[in-house]
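Listed below are the structures to be examined.
Below, chain A partners chain B and then partners chain C, in two separate complexes.
Presenting the complex of A and B:
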């Protein structure tokens, strides 16, 4: 998208809402801004109705700030907590039936490749653990088997948040939750490992407490998906409302997870590693 | 492939009213012949009997360059979701399914309508479990009546061919922009060969132009950008409830606006044979063909009988039926399903609806011999005489 498309004619600019004018004047379109620049540009996320201390809302905010080309990014989601922030975002966002996101994204990406053969249109799936790992797992995996050139980002709060705190396939073993009154009796579904086996060319596991790594992973995933094939990122986005911790403790919980079951991890094919080296010149990303 | 060969031609008029050549083909082949001329950008397939052959042939069209992208997806829900994604991206799409596949994909059909997508899907109707049956039966149509999609019911292979092309023309009208299901009774239509008339191969629909869509295209080129593409109204308050309701009303209104386009491209929502008759058979799909034979038998016996072929199930020709049946004493509605959805629709559309006899109904692989229809007519007339008029 050219910025001209959203730029209002000067004589009518004053009737547009302030946040829209702000987006045109100070938005990220066509600029090389990312998570490190947060606070210095108008973000494409707007106000949202997530709970206080919501990990998902921070995950969405960080991932969107890290998009390499927000002006040509289309996000496909699924019903669940993530849509509250995503539906109030200055990019095309769609969610329809629960779990169908990777199929919708497959059709969308292919059609945009037909209609815009000379342009990169980044199709990104952003959805929760229930949508990706439970009800939509077959469609997640098949999009990877087929080698669809899309990025899949799981916002993993390890619970069905929006429906009130039920067990998800990504909940930790033993956790007592609604619909698991005696505790979950099987392990977290190994979607990250399955992504590698199913054909993703790049994968990363990261928490919202590591914004720089998160930004790096999102950037890599989207750029690699343009050329090479499917990519996957799993972001730990803890839920104070359903996991019953104080909203002020979200980052502490995420940091602790980052030292335990959610340690930063990446995989990539040799070809992907070569592209990353060429794109980044071998720069290491470290959290402060 | 299509658009290069047909510059400066009114191909819509040629397709609908131009010279045609004879072909002796199956209904499945007729589907492929229609798709070949429909300038389809993308088709997505998943096998199920009796649909499979048509989507094999559509795949061959892709291999020959008639379609720009095509793949076999993992199940019908995934197919209908991917077709939705492709339509979001602003192109013309096609898919097809049957019976259990229709039910598996069910959640996506109201999504297509709600997202105002002119998707054309062929349904080769068959039985649904339990008990399992792959035989011709159209109970799935009764389950789709209120999904918001338009529904056309083909009597034979010629109808199937014509209706697929007509479906795109109707679906893509800016004041309609809704999905259209084109239904045919499996096997009877898909697997039998009949003589059909086809327009020349180099005559195709003009390409789909998403610029005429009544909703913004999902391509990050069409403002406004700050939108939820779908009518997501998840909050429980009066404003969002009202907004959701008005969106639904607009989907229904768009289907109503389709009536004039159906009349224009298809010559009406129904066809009446022997108007003014006292006894009518009203049917859709292959039950119409069986009814034609039954009608011939009744007329040979001197009965004052007529036939109504209902082509459009959604929108439903309620006022046309009411008018056509004004002077009728008896309306017999033969159906290939156990539920009797067509008889219900007709009963809900006309006055003095005790005149409607919902029979015969065959299903699970039974055939519908014409004498069965004649017998129902005679039975109803006899019962009518016993109770002093019907």
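Presenting the complex of A and C:
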């Protein structure tokens, strides 16, 4: 995972794909770029097969643009909608059996800290609500109980998007979906509150309609996970295909959710609050 | 015939809101000198999210 591996030999540069050369010349590796610089550098996210207007792909794109050190980051994912974009990204990516992402990430983090004792290698779990809250809930919770130094990012589209729109544990109560023709009859799983109890040092709940806050939360979560312990972020990423709204309405739906059940929320331990104050110098992020 | 987003260069003020609202990577390229955005049309899926967020109505799907 050296930064040098992405630099091609000059005599072979002309046979490499244009995208690759672009990534070497204008990529974010080794520079401190963030969401505010989008559009002026080549993103590590590549062309992906997500539907038009997909909230998950916007969430993935913004979260990856906010990584503090993309060249030293390993992303672990699980099957679902999120891995379509993640597997086509210029990043170290590992796919796992459904629900195992936090166990695999724990092992990888321990291995990387033995192999590179002097470097900070960030291991980030990025998975959907099915992978984290339904099938992988025990693995996720146990990685938090053990205090593994990994960041977990949930891309919550409130539905099983990849398999055609079935009810998920994170769907809101009363939502009519496949496998829930009369409306879902229990509440959303409170993973955010569980993260606080299970020992996460930092947690945030954001929507894709507030990119600056999303970037700030991802940055804080990854930097705190390097030193203190597990961190958790829950990003609301509405799905136009299965929730049956127009692709152009994704951000409007996300904004409405941000005013209702997905209002911006953060928790942190006292130690984490002290580190954040030292890192950011008391800057507040305002969203327009 | 493919659909794609077009930028009206007279209305665009370079606020970059469209760049953070687009689910596709590398579609919008920001030109800092002209304070404008440029579109890579071959990557656009014409979902229309950027047109709903543009404060100056400079973007249209056509």
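In this section, the second predicted complex is superposed on the first by the 286 of 288 C-alpha atoms of A that agree within 3 Å, B and C clash if a C-alpha of one lies under 4 Å from a C-alpha of the other, contacts with A are read in each partner's own complex, and residues count from 1 in each chain.
The rule is short, and it goes like this: a residue touches a chain if its C-beta (ideal position, glycine included) is under 8 Å from a C-beta of that chain, and two chains touch if they have at least 3 such contacts.
These figures come from a predicted structure and were not determined experimentally.
Peer 1: One more residue to check, A:139. First (chain B), second (chain C), both or neither?
Peer 2: first
Peer 1: On the A-aligned overlay, A:129 touches which partner chain: chain B = first, chain C = second, or both, or neither?
Peer 2: neither
Peer 1: Which partner does A:62 reach: the first (chain B), the second (chain C), both, or neither?
Peer 2: second
Peer 1: Touch test for A:46: chain B only (first), chain C only (second), both, or neither?
Peer 2: Once the two structures are laid over each other on A, A:46 reaches both partners.
Peer 1: Using the touch criterion from the header, give the chain among chain B and chain C with more contacted residues in chain A.
Peer 2: B
Peer 1: Looking at the overlay, does A:211 come into contact with chain B only (first), chain C only (second), both, or neither?
Peer 2: second
Peer 1: Residue overlap on chain A between the chain B contact set and the chain C contact set?
Peer 2: 46
Peer 1: Applying the document's contact rule, which stretches of chain C touch chain A when the two form their complex?
Peer 2: Result: residues 16, 19-26, 28-30, 32, 37, 43, 45-49, 51-53 of chain C touch chain A.
Peer 1: Show me the residue ranges of chain A that touch chain B in the complex, using the header's touch definition.
Peer 2: On the chain A side, the touching residues are 1, 5-6, 20, 23, 46, 49, 71-74, 76, 83-84, 87-97, 100, 103-116, 121, 138-139, 142, 146.
Peer 1: Using the touch definition from the top, list the residues of chain A that touch chain C in their complex.
Peer 2: Spelled out, the residues of chain A in touch with chain C are 35, 38-40, 42-43, 45-48, 50, 52-55, 57-58, 61-62, 211, 246-252.
Peer 1: Provide the residue numbers of chain B that touch chain A in the complex, in ascending order.
Peer 2: Its residues touching chain A are 41-42, 44, 68-69, 71, 73-75, 77-79, 81-91, 93, 107-108, 111, 115, 218-223, 225-230, 232, 234-235.
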